[in-house]
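Shared between the two complexes below is chain A, which pairs with chain B and chain C, respectively.
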Partner chain A sequence: MLALIYFIILAVIALGAATCVLLSRHPLYGALSLVVSMVSLAGIYGLLGSPFLGVVQVMVYAGAIMMLVTFVIMVLNGARDSRTPMFDKVSLFIIPAVLVLAALVGVALVRAPLGFDAATIRGSVAVTSETLFNVAQGGPGYFILFEVLGLLLLSAMVAAVLMAKKRLGSVDSENVEEKH
Partner chain B sequence: MDIIESKTWVEWLITIAKFAFCFVPVLYILLLIPMERRGAGFMQDRQGPNRSYIKIPYFGKIRLFGYVQNMCDGTKLFFKEMFAPAGVNKVLYYVAPAIPFAIVFLSPCVIPWFGPMVFEWGGKMVRIPGSIIDSDVGVLLLFGFSSLSAFGAVLAGWASKSKYSFLGALRTSSMTISYEVCLGLSMMGILLLAGSFNLTDIVTWQEHHVWGIVAQPVAFFCFLIASIAETGRAPFDVAEGEPELVAGYHTEYGAMQFGLFYMGEYSHICINSFLIATLFLGGYAVPFVTTETMQAHMGGSLAVLCGILAFLALAFLHMVHRYSKKLAATAQTHRFEVLREYKLYNIIAWAAVAVFVILGVCAWFFYNPSNMVVNGVAVGSLATALGTALIHLLVLVVKSVMFCWVWIWVRWTLPRFRYDHVMNLGWKIILNIALINLVVTAVIAKLVGGN
Partner chain C sequence: MELQPIFIQILALAIFAVGIIVAISRRNLFFVLMGIELALNAVNLSFVGFAKTLPAEASLTGQIVPLFSIAIAAAEACVGFAMVILIFRNRESVDADSYSNMRG
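Let's look at the complex of A and B:
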């Protein structure tokens, strides 16, 4: 019962903040609402009995990634974007897609046997690591997948650095710098 | 109610009383600011704050070695007018200073302040963990909180609508991102050895094997540097460097809003000191003595504790004696006032020495509680558990104060880095050393045959 009350409070905050991300004019407000939404999502993870996921959510998403997003918004001076119209022709396709996705996820969640009970551990550190990496017990595990993902992220980072370097060294970028 | 009846009243009392530890970082501010001032004076060979005093009727002036200066500063900050410059973003401007200060109260929840209290009550064995939240994700929670607290500085800089504040905010956010990575990676080695994220488990591992600083010396130095950088103190205070950015992200703040930033910074130092002490210096563990030995000879342990406190009081007496000898030789006009004040401290310290000696002797001879043995584990009474907790807490405080001094020492020794040097140090040196350290630790741990 208590868990349900907590869940309702957190869910309202998360959804409200997520709506604010869409509706806010200034990108920085959007980023801040996203932080609030992510922190309350972390609370919901905790309610579901996976404190590890919740804490990683706070640490990685709310902390590091959103800090990076704020940094980028501030560096690029995103305030200029605030006059972009909220809806245009593309929205015609996006809104139905979002609605369909929400319906799908909702149906999947309603049918899933989830109870809001923080006492049953579903995603503690030990359980998470065992499902991911214990090859001996539960089949192949996700070991290779995990490594491949790591490689993928690394290659993406290297590519980004290369592209940035190329643009920095070229003549075009220097002209752009002067115009500013 | 089931939840209330699940514990006895003593357990509830201790569990609730543990929430008082949330205020430890704020109390440390009272210790850290005079320590910073006296430390600066000591390092630069000049006198610290020594002009402010309280006048006590029928006695004279009391200076408390410059501690009164803090009260003056606090009073000044509290009673100044809070203002917002024209053109600032009002909401964010007022909210921003509160973010780091609010998180200060959350962070101490996961630090184990004493070993798990195990005692016998009402015929049952009771176990109370030393941290407020005894979670198996302890350290990660702490890191999550500390990465959130940087939002305060970033929002303050943005809301101020001033170029200097804005640049300070940008620097803060980029430094937080880079040094969080180093902090997390350099900590991983000790986590790997202990096999747990839970800080109590890490301290227990250190108690039974070796301290983290011996097992992971490289990681210790990486962690120390990264955490100094994370608090944004000199030599890493590029975010508020006076010669470049006036005062960085809090340029536009005054009065208690500035005070909140200031207090947030000092509390952050306190929390990081506690974290380093817990991860690398054995936390609450008493050096060379296990908790079991201590509990088996509780009276003796308390006597040793009283002896150490009496020794500290004697050291204080020696300090006062030297000060007064030096002062009496000068021709300063106010020397008789100060000497009278020192006489008061003499009386108090001698009384403290007497009390500690008497308490110690009493504990040695008259306090010998017998421990029950339940399932092969010695279980003491509530008094033994409380005594152990007290000793553990004092040991942890001593270790953390030592690291607080390191912060001040570094600040007044090293000049400020240039911004690009800070970034190079973070990404090109410390990150790589931490990574190599982690790999080497993992290989050795596997070869030796750990978990």
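Let's look at the complex of A and C:
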């Protein structure tokens, strides 16, 4: 009973913040609403019995990714362009289409028999990390995925740096060099 | 009345729908990327909700895969915002319609 009350509170906060993202005009307000939504989702993870995932959600999503988002919004001063309308006429068709799709999936979900299993493992830090870094011969092998993920993040970082920096030899970079 | 798995799935579905609506119908590029993040979050929540309906080892798998999904979302946000910086520098606009010069 208590779990249901906590879930309803967190769900209302998460959904309300998501709606704020849809309706806010300034991108920075949207980003802050997104942080609220992500933190309440982390609370739901903890409630469901995956505290490690909740902590990762707070650290990586609400911390790192949203910090990057707010940083880029503030660096580019994205609100400077205030002529861009929030919605256009295409939105009138998109919103009912997505709602109908959600209703169809919702009907399919409600008809499916679902129940909590009593034998689920609580994803605590110890259990999760033991499974993740189990390098035994017959183990699950998640550590290989982990290594591949490190490579992916490195390549994404290199790609981002290469794309976002000013081109060497371009007019901008030569002007900067002349000033020095 | 106790907490049922279907409530979690319905919440994930609602957040996913809101995220898709934000990503497709908003014109500001920042909101497009934020909508994608919101939809990815909803998928993670659905993953954990389904994991709790499975017994022992399978439920642990369902709680580890979202970790990888979060890390891939980090890589996606990194590259996505680098592209936004790159294009914004040329166009001085955040309207998604002003980036349509690749249209055939």
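The rule we apply is simple: the second predicted complex is superposed on the first by the 123 of 180 C-alpha atoms of A that agree within 3 Å, B and C clash if a C-alpha of one lies under 4 Å from a C-alpha of the other, contacts with A are read in each partner's own complex, and residues count from 1 in each chain.
Keep in mind that, in the parts below, a contact is a pair of C-beta atoms (placed from the backbone, for glycine too) under 8 Å apart; a residue touches a chain by one contact, two chains touch by 3 or more.
Because the structure is predicted, anything quoted here is derived from the model rather than measured.
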{"item": "A:158 touches, of chain B and chain C: first, second, both or neither?", "value": "neither"}
{"item": "Touch count on chain A, higher of chain B and chain C", "value": "C"}
{"item": "Which superposed partner A:21 touches (first chain B, second chain C, both, neither)", "value": "second"}
{"item": "First (chain B), second (chain C), both or neither touched by A:64", "value": "both"}
{"item": "Contacts of A:1 with chain B and chain C, given as first, second, both or neither", "value": "second"}
{"item": "Touched partner set for A:56, first chain B, second chain C, both or neither", "value": "both"}
{"item": "First, second, both or neither for A:35, with chain B first and chain C second", "value": "first"}
{"item": "Contacts of A:125 with chain B and chain C, given as first, second, both or neither", "value": "first"}
{"item": "Touching partner for A:76 - first (chain B), second (chain C), both, neither", "value": "second"}
{"item": "Overlap of the chain B and chain C footprints on chain A, listed as residue numbers", "value": "52, 56, 64, 68, 75"}
{"item": "Chain B-facing residues of chain A, complex", "value": "28, 32, 35, 39, 51-52, 55-56, 58-59, 62-64, 67-68, 70-71, 74-75, 124-126"}
{"item": "Residue ranges of chain A touching chain C (in the complex, touch as defined)", "value": "1, 3-4, 7, 11, 14-15, 18-19, 21-22, 27, 30-31, 34, 37-38, 41, 44-45, 48-50, 52-53, 56-57, 60-61, 64-65, 68-69, 72-73, 75-76, 78, 81, 83-88, 90-91, 94-95, 98-99, 101-102, 105-106, 109-110, 114-117, 119-121, 123, 127-128, 131-132, 140, 142, 145, 149, 152-153, 156-157, 159-161, 163-164"}
{"item": "Chain A-facing residues of chain C, complex", "value": "1-11, 13-22, 24-31, 33-35, 37-38, 41, 44-45, 48-49, 51-57, 59-61, 63-64, 66-68, 70-79, 81-86, 88, 92-95, 97"}
{"item": "Partner chain A, residues of chain B touching it in the complex", "value": "135-137, 140-141, 143-145, 147-148, 150-151, 154-155, 158, 166, 169-170, 173-174, 176-177, 180-181, 196-197"}
